[in-house]
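The same chain A turns up in both complexes below, where it pairs with chain B and then with chain C.
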Partner chain A sequence: MRRFLLSLALILCATGLFAQVENAQVNGSFQVDGQYYQVDEAIGITQENIKGNKFGINGFGKINYSLGNFTAGIRYEAYLPPMSGFDTRLQGVGLANYYASYDNGTISVTLGDIYDQFGNGFIFRTYEEWSLGFDNSLRGMRVIYRPTAGVTLKAVYGKQRFYWASYAATESRGLVRGIDGEWDLNQSFKAMNDSKFRASVGGSFVSKYQKNTNSTYNIPENVGAFDGRVNLGYGRFAFTTEYAYKINDPSAFNNYTYHEGQALLSSLSYSQKGFGAILQVKRVDNMSFKSDYKGVKNDLDINFIPPINYTHTHSLPAIYTYATQPLGEMAMQLQVNYTIPKKTILGGKYGTKITLDFSQVNDIKRNYILEEGQEAPTHISGYDGTLGYTSPFFAVGDRKFFHDFNIEIERRLSKKWKLIAQYINLYYDMETIENHPGAEVVKANIGFVDLSYRITSKQSIRFELQHLWDNINKSNTDESATVGHEDVYKKRGNWAAALVEYSVGAKWFVSLGDKYNYGNPIADNRDHYYTASVGYIHESTRIVLTGGRQSEGMVCVGGVCRVVPASSGVSLSITTSF
Partner chain B sequence: MKKLSFIIAMAFLMMGVVACDIIEEPYKKENNGGGGNSGGETPDQVVKHVLLEDYTGVRCVNCPAAGQLALEIQERYDHKVVVLSVHAGDLATFPPFNLKTPEGDEWWNFFSFQQNPIGTINRKMVNGGYAFDSPSWEEAVAEAIQEEATVDMSAEVTYNDANRELKVDVASKFLAEMPDTYSLTVCIMEDSIVGTQVTPEGNISDYVHRHVFRTTMNGAWGEELNQAAVAPEEEFAKSYTATLNEAYNADQCYIIAYVANAGTKEVLQVIEKKIK
Partner chain C sequence: MKKTLVLLFLSVLFLGAKAQSDLPNVTLKNLDGETVNITELNNDGKPFVMTFWATWCGPCVKEHNALSEVYEDWQEETGVKIFAVTIDDSRSTPRIKPFVEGKGWEFDVLLDVNKDLARAMNVSNPPHTFLFDGNGKMVYQHTGYFEGAEEELYQEILKLNK
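Showing the complex of A and B:
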């Protein structure tokens, strides 16, 4: 009898287990990017640059498991060594992230590595961007509480990832803790459930704690930042605004100045079928917020300043991509999309999409606080150990960092032909954006045509022709004037680019392309950057093999950038998900 | 709902109060500049000196500012900071002017540096790397100088002007039991070499290059001092001779000697002596 009962219990357990396993879901993804580097002295890649690292490999695998209200996941990363242009501190292998979470709809608790953001991220955003080698996840705890429909309260607490550095309590980088509340009125009030009027409000507070070990400055050990936001909408109109304030936060990034931080982003938009318009304005003043006051560049950013610029995907406009300036920006963007209806004279048989976009970023106005006889400071934030400067909130600084005016036309010419054409006028303050003192501003005009032709229902071919006219060129700049400043001329001058891509169904593609910096003022820099790629896509697996040259440039995602050095060789990228 | 709003408001208020340190003037600490143990130590107390390596380049436009910062830090800590400017990297040559060295290249590659200016503070590895950007030097030096000395060093330098023979005797005494293998490296540094430098204002042909690393007397990574663990008060005496390169100005040359952990490369103590 006992044996029978034991067997029954085992069967019941196993059945329960199977039932659970049947309901469980496992998903994940893997990616490996590898590159073989070769010496290519024509584009300045010598044995010395390569330093014996002929291969660079970045890879990750992540697996998520969910069962009912429970989810858990891990992410393993390997950089052996990191590919050229990625921070060398990434070198190594290991379990980069892990988490476990329980969510029953009312309450959610997550332990481990947390990715989240409050509002636009002005005072808190943790995220991972593979193409940048960026990961500022927070290892700790998050609780989300939804007491009633439309109300969400969040609290987070932890320490940020910094490459492979330990999370031990003795580690000097700071702790981050934050709370956030959001109230969606349309969900809370039945009368507003289907209303044309939409409203939600939110507020956050984030504080970092870091022990002050600095012998020179009185560094605040607790730095707090506040944020408030309102989203309103009526019919086709939407208005959102968010304001953030940060108390004194002297750091290596702002030259140890004690000025407060502020950020404002407002957006007004309208959309209907065939027409959309959005106007955005932004002001940022001293809003670098890091969990280590000694951090530089993008190290340990707690927050994120969203860019309000057009994102170019073609290769020549992407040479000069704007990088957000957390120390100060006055920015605006206006974008209008209009589709000329089909079967009209202007719209043609299939209709024509037109996008007009203008964005500009200036510095904020700064009135430096100087002692008698003191000269203007060399650092944009002012003299260290002072309040730095005062800044009238609505005044626009004289220095322009960037503008981008562009118009894009997309039109299907016939059943077989489709055309995309764009003209771009760019202003790019290289000295500020790329931190190249003495570099002249780039004033460029760029045009491209992207033409695709469907050969059969399974085969298509695409042609891309691009040209960039630079204000600095071999015709107006003597090469002798560049001596000693070679760095700032690496990608200057006119460029031409062409690409042809042949696709078979959604499975195979082959492309050949070349970028030619024929107008560079330095004769040695007038190089071709040719590439050839073969790609194979099967369900969720994608394999791309590329050979050729990579020109020096910047990869930017959301205004956060990393420099990509020139390279030559063969690269292989494999991605898959399940 | 009212209760909830009250709880939220109180939570915000509490965090706001406890988690904000508003700093009033003065923002700088008083008496800063002396450094951690610049004063007050007993005469026989061994002071830890700090090696600040500035990896620089003559075509690196941002390097002069970093070099100036290194000098200011050295000045502030009353020369308890030893500055060594190592010319290395892609931007370190301006043909025919060249201050690069094989040892400098070896260090640059070992530390996986990619751009100038960059530095090391006692070659200490922090967060998986040796690199310290110049804005972080001050902070890192302030921390390093407060550490307790574990090695006491002294050096005798004799130099013969006639035949340019240089003899260096270095004594290194360990102050505690130490488990690892340690090495002694003796470098020759030449101060104030005049030559080309690219600056934000343009090229300067008569720029004064300070604290330039020239060579070592015993290899890029020096000579290992021990195999077994070191006992407290254990002393190692080493002697090196060399003929000073004709290109070096002997009046401006110094010996920089340091004891480092041979495995981690962290410098435990450093001394600097003028050869004349």
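Showing the complex of A and C:
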């Protein structure tokens, strides 16, 4: 840490003082979210998890500095204490991130905290999601070399951020090293510059080193992972595919099984103006890759396995959001976007946009490796200390985790009115996705209408109505049947939601909303989540004051979308940049 | 020691430096997979707009649908160009092209998969819209979208064309 700061400061001094400082540029941003809580056990805010703290504050300030080919930056973070819903290990303040970088177009060298990814991130991706409290940046060094047009070579080396844990500690996590190469043929060969045929290939290797401190298992100290990818295009068609392989990597996450890991993602798309379609298929088998074999949940992920289902941002469908199952899944998605031309009978005066989307995720097929007389394992990865299972590559498992069929229509009705309507059919295996043993599958239908009206050129009003029909509802499930399983009924049953938002000159807005779980089988859970917000926006500054109760999830209010934790009380959010 | 270094660092940072105006040195890809250096973005001396959006962001999609309706008129009247930078991560990368084409958008789309440009331009929550003059100087920015907000952006573009 000190060594990095020192070198950073020295480089800065040297360039800053001896070069033409008047050409330097500084920019930065600042965000603070503060919350005043009330204990509200119905939505999971208990005396216990706020630990008697009436306030939670998350804030950051960052500054970027650039001078010619040289850039540097720092980010200071403060969690005093972290807001409810964020990991308590974030508690504290400090310089969470800093870097210095030189890039002359051919070669780029970065020292400090690095965010990068190889391909889709199957074997390496470091990123930061402030609103989720997620940051797995790599502190170390990155070199990028672009020897000729179309060729990019990369190398990274370092140790990942783990909340505020010291980077000097050797036990908590290992080292990560990786190399990646990408070659775009169209940019390399003059003859192909304007060709209808497009092609690029890439490949990478990532290895982690962590000392084995486990006395039960012989854990490999070096774990390597390989990745290869191809992108092809011809005219309106595009085909991309990526495959990754990881050697055996027993960890707390996969129940210390010695199974190898594999991932494959392929997509085929067609696009022309007004019409676009894509089909994607994916297979994931034991691809959790962490720089600590003891890590659980999202801790210290080195890689990222992209989910390929539709990302819903309206509050009711967002209640049941799918999360990738790194231990195994077979998934597919089909999406069609079509614009019915304007001034046609179906398209109307302004045209109509339609989106159709279907995705489904099943488990992979597993044949467990069992000894004589051994029963099927309780952990999905099989018995610890063994190879776990075998799995035929193209076979789809019987267990369905998720499906989502939805159709969305967007149409301007007149100069003043605009309508968006959506229908969604969801299948959600709560037992697997939320790790709630015994939970029944959610089969839900959701309808959604968003209507905006321009009152004048400066004022507008927007209405949002949503309804969710659940297969388990107060009408078919008696409260007595829920005794002992209260956990899995928290958000079950029908929901209704409404929102009104009024804005003036894209500067001021007021919104009022309510979400009501009126069909919950448990009478005490039939809760209202009412919120009122008022906000002011000027250029890049945004100040929003919200009161009421919020359940956790994605919230799109006041013209932007953010992930928010459950809260009850009053919150204030300030964002600005300069 | 550490504090002194930080102070030194900060004082050097601010010494004679001025606020953000130009385009950062970041390399992104376009929809055809070609690399584009952001410092080279321009519109032949005419103003250009840079928007940050994502497929999962409802207000962003609304904003771009609204911009798409007026883009032709705006181009005829002012010659303005729109660079639409998506911050979608790899879960959506292959979907961007059919999505953009299917919506009929005619903007120059850039993929900021690793959020390098978003970080360099301090974009926290999408949508975030920037207006640059013909020399690549940033003259106006705005976050969020409400029905009709594109009119305000147009007024700013008109100011540059005077």
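As a working rule, the second predicted complex is superposed on the first by the 528 of 578 C-alpha atoms of A that agree within 3 Å, B and C clash if a C-alpha of one lies under 4 Å from a C-alpha of the other, contacts with A are read in each partner's own complex, and residues count from 1 in each chain.
Keep this in mind: a residue touches a chain if its C-beta (ideal position, glycine included) is under 8 Å from a C-beta of that chain, and two chains touch if they have at least 3 such contacts.
Because the structure is a prediction, the values reported are computed rather than measured.
Contacts of A:Gly34 after superposition: neither chain B nor chain C is touched. In the superposed pair of complexes, A:Pro306 makes contact with chain C only, with no contact to chain B.
Once chain A of one complex is fitted onto chain A of the other, the partner contacts of A:Gly347 are absent, as it touches neither chain B nor chain C.
Comparing chain C and chain B on the residues of chain A they touch gives the larger count to C. In the superposition on chain A, A:Ser66 makes contact with chain C only, not with chain B. Of the two partner chains, chain B is the only one touched by A:Asp487; chain C is not. In the superposition on chain A, A:Gly447 contacts neither chain B nor chain C. Once both structures are placed on chain A, no chain A residue is touched by chain B and, in the other complex, by chain C. Put simply, chain A touches chain B in their complex at residues 48-49, 51-52, 88-89, 91-92, 147-148, 151, 153, 162-165, 177, 179, 181, 203, 205, 207, 209, 213-224, 226, 247-248, 250, 252-253, 255-256, 258, 294, 296-297, 378, 385-386, 435-438, 483-487. Those residues of chain B lying in contact with chain A across their complex are 1, 4, 8, 11-12, 15-16, 18-23, 26-29, 32-33, 35-36, 59, 61-62, 65, 90-91, 94, 105, 109, 112, 114, 127-129, 131, 133, 135-136, 138-140, 142-143, 146, 196, 198, 200-203.
Interface residues of chain A facing chain C in the complex, by the touch rule stated above, are 2, 5-6, 8-9, 12-13, 16-17, 21-22, 24-29, 31, 62-66, 69, 71, 74, 95, 103, 105, 115-117, 119-121, 125, 127-128, 130-131, 152, 184, 186-187, 198, 200, 231, 233, 238, 240, 267, 269-278, 280, 304, 306-308, 311-314, 335-339, 350-351, 353, 355, 410, 412, 418, 420, 450, 452-454, 457-458, 460, 462, 503, 505-506, 509, 537, 539-540, 542, 556, 558-562, 575, 577-578. Across the complex, chain A is touched by residues 1-2, 5-6, 8-10, 12-22, 24-25, 32-35, 37, 54-60, 62, 65, 69, 89-95, 97-104, 106, 113-116, 119-122, 124-128, 140-149, 151-152 of chain C.
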